[in-house]
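Here's the structure we're looking at; comments come further down.
We just call them A, B and C in the order they show up, numbering each chain from 1.
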Amino acid sequence: MTDAPRATSKTNPGRFFEDYTVGEVIRHGVPRTVGSGERALYHALYPARHALHSSDLFAQACGLGAAPLDDLLAFHVVFGKTVPDVSLNARANLGYAEGLWRRPARPGDTLRSESEVIGLKQNSNGKTGVVWVRTRGLDQNDAVVIEYVRWVMVKKRDEGSPAPETVVPALKGALAPSDLAVPPELTFADYDFSLAGEPHRLGDYQVGEIIDHVDGVTLEEAEHMMATRLWQNTSKTHFDGTMREDGKRLIYGGHVISMARALSFNGLANAQMIVGLNGGAHANPAFSGDTVRAWSEVLDTAETDRPGVGAIRLRLVATKDGSVGDLKGDDGKYLPGVLLDLDYWALMPV
Amino acid sequence: MTDAPRATSKTNPGRFFEDYTVGEVIRHGVPRTVGSGERALYHALYPARHALHSSDLFAQACGLGAAPLDDLLAFHVVFGKTVPDVSLNARANLGYAEGLWRRPARPGDTLRSESEVIGLKQNSNGKTGVVWVRTRGLDQNDAVVIEYVRWVMVKKRDEGSPAPETVVPALKGALAPSDLAVPPELTFADYDFSLAGEPHRLGDYQVGEIIDHVDGVTLEEAEHMMATRLWQNTSKTHFDGTMREDGKRLIYGGHVISMARALSFNGLANAQMIVGLNGGAHANPAFSGDTVRAWSEVLDTAETDRPGVGAIRLRLVATKDGSVGDLKGDDGKYLPGVLLDLDYWALMPV
Amino acid sequence: MTDAPRATSKTNPGRFFEDYTVGEVIRHGVPRTVGSGERALYHALYPARHALHSSDLFAQACGLGAAPLDDLLAFHVVFGKTVPDVSLNARANLGYAEGLWRRPARPGDTLRSESEVIGLKQNSNGKTGVVWVRTRGLDQNDAVVIEYVRWVMVKKRDEGSPAPETVVPALKGALAPSDLAVPPELTFADYDFSLAGEPHRLGDYQVGEIIDHVDGVTLEEAEHMMATRLWQNTSKTHFDGTMREDGKRLIYGGHVISMARALSFNGLANAQMIVGLNGGAHANPAFSGDTVRAWSEVLDTAETDRPGVGAIRLRLVATKDGSVGDLKGDDGKYLPGVLLDLDYWALMPV
């Protein structure tokens, strides 16, 4: 077919730095109804065992109706929808802040995402800029399920285009306990520690304490690709083995987050619900064959106004070398064995 | 156990060419109730993002109730049931024609399959023959969900057995727009292009236009086997690594169809529903490690009698070499990098 | 962080031999609501095709409501919950007995597990002991869904600790047909053999008959890990590729059980429900790359009091070398190509 018409360009080229304006709200495509199928896959892809997300009865005993979907499942679905509009020309995922789970996602909910551009800053090299967005995941009633701020480094389409006015949003370094959205119906007053799988309550954890979660999981291409597709994340580096000489695909950072969080059950089984994301860094890339392990550091604890419900602030670190407690070198950079450094709030019985 | 009784032959040996009679209707075994679990797996195995199959709300806004299952999911389930009766002794899958999606499959439907033998022709070598079947997928009310014609080359049990009377069915080279079963309740009158993920409507596509879908997915053994099992397709070449020296398994052609269709979202996000299959060829086998890409050619467009609903006829080509627009060599044979050449009708907002 | 606090030990170290007392009932953690997602995954991970577990309509025609979940799916969920309390320091899984499926598990059921310690015997080396437990899987109404006895060899924490009183439970070598819990509503009076996929009824099988199930499936790391995680089985040998030089993970024995049972459809399509587990041995370990095949031997047949429902006792053998009929060598040990030797009762139309 030498006379074939030239291919046209109806595919999505992604946005460049020039395409963002502070205050703009981007409505992301492809809403998704999530259900028991997604839950089962989440439990097949990660060793997730928190009882509140595993058992309808346990969730009912905690004041919730049916078991909500895993908190990170909802996060990944919301995040995935932003990729075609935010990540395609991104060079780096720079950070997260002010992540709030406002209501548990339940089977049958339909989630969609919107992102408001809240900051822009061109880099001094004139080739890239930083874009801050506040993304909101909305359910079928337009109620916010999750929101978070993310900032990414994005390529400019044209290096000669003028720099926009610099707007750097003021972001909280960490959420205060009072910022957290504890579900009003939640109670841990009749919490069954034996069914939950561990006896440790909030009072058993000390600020500064480090927990080695011991277990390791070796990553597989088929698994991380299935996970990433399930979130309808289209970033081609996760799927296309021709982009690297060794044929490996760069693993979606969220896969490591979910793997580490699930591994942290062993020692933190009662940190049932993630309600706040203070910050996070994908310290080094992960590839198939890496064996992920995790450790946590207790950063803070707090009370809430719900019966028996406390909050614990945790640093969750994923590694590929089994190290525990070491994070950065003398140069202030993450050690090469560290994959993830995440700072979050979870709810736990007091 | 040298005195073990000899193994008996209760396993299914499959049908040979002599076992088919024109006019016979074969009732295939193993009906299947499909649900949200199958949907989630479909979205984990393929980068499927068409909003009509992803969101109950989007489907409702299009006049449908809950989101129907992906059209190819229903096809694979119906097809899979025919394998024990049609494919076990097949040497080649020669073609498809007159494929019609008569009603969307929904979570909770129970699908079964029947195949009517509509043609027979012994090959001149006396060793094989061609069998044409019209397969119908039926739901719990015996309503036809899908039907299609497929023809395969099947081994004879006994080369000396007499040839049957040759019956070659008259098949349409392509379905006319008036043949298509557009769901009577469907409307694209209030279609939300931003939620669908792309702005292109039927009028934006030109006959002859070629769309490079850009993205690539590298195939994995675990993924294609999970998909093929999910359709209860039992063809041993897809699962048994001892059949080839390199241990690779021949990938079910339908896995490539679904992968290519899902990749075609990028450029054809609004080609929401597949309603007709005009023809198709599995040009070359696919194996794990191959990176599938896809391009489409617009073959025709048409109106329908439903509000805002048009039809687009597309050639969907999957490749393993990233070529775009090239299909066959000077010898008329498919180029070695081409995996699939599929001709189908989809519904799209006008 | 050279000044990091030392890691604390909130992770589960598992029980040692000294930690078991005859008569104690261990309530295992992490109840699980199972649904259509788990069912779909089961059908993606194993070539499971028994119609009773595939089609709501077929199940209804057999007197059941919706299709129950696959019997082994329920078994794996119940078994998985026992791992943190029974298997973490186990050196060997020695046997199964008196396994009874008391009621079919259905989508929406919430399963939890309890294990009663029914036997203890310290080994003569003083380093290990044998622990017998009777595990019960309970649903949301505390009704027993499954029960079975398992015994494992467990390490002692302290070799010098005194031996407990030896208690060896009296276990049945095989369940009698009258022990089986045939669902009271079950009927095969109107059984549709063509939909079931094979014509063979109980009367067609002879005691001593061996059936070669023919098909083979090559195992993949991603698949067995997804399966094992789905059952929330946390045994690290199944996930951590650093535990062996070749990076392979020891495959959960239950994965081989389910694979062999699913392969046995070809020749035993009408052995619809597993209702009894007489015994079983994981003869040799399985690893990714092994190609599993299966054969069955008919050990017994019996009537039941339900219309048209008979029982068949089968030996199910999984191999990695394709051998059929050979089980043990002259030394009485399992041949190296044998993976599994399972003895079970299933229900089949007479």
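Just so it is clear, a residue touches a chain if its C-beta (ideal position, glycine included) is under 8 Å from a C-beta of that chain, and two chains touch if they have at least 3 such contacts.
As the structure is a prediction and not an experimental result, all values here were calculated from the model.
Novice: Which rotation angle, from 0 to 180°, best lines up the CA atoms of chain A with chain B, given as a multiple of 5?
Specialist: 120
Novice: What's the call on chain A versus chain C, same or different interface residues, using the half cut on shared numbers?
Specialist: Because under half of the interface numbers appear in both copies, chain C and chain A meet with different residues.
Novice: Can you compute the centre-to-centre distance for chain A and chain C, using the mean CA position of each chain? Integer Å is fine.
Specialist: Between these chains, centre-to-centre, one finds 36 Å.
Novice: Could you list which residues of chain C touch at least two other chains?
Specialist: 35-38, 40-41, 220-223
Novice: Considering the complex alone, what residue numbers of chain C touch chain A?
Specialist: 1, 4-8, 10-12, 27, 29-33, 35-38, 40-41, 84, 107-108, 110, 112, 140, 220-223, 225-227, 229-230, 232, 234, 236, 239-242, 247, 249
Novice: Over in the complex, which chain C residues touch chain B? Could you list them?
Specialist: 35-41, 43-47, 49, 51, 54-58, 66-67, 194-198, 200, 204, 208-218, 220-223, 266-269, 289, 291, 295, 322, 324-328
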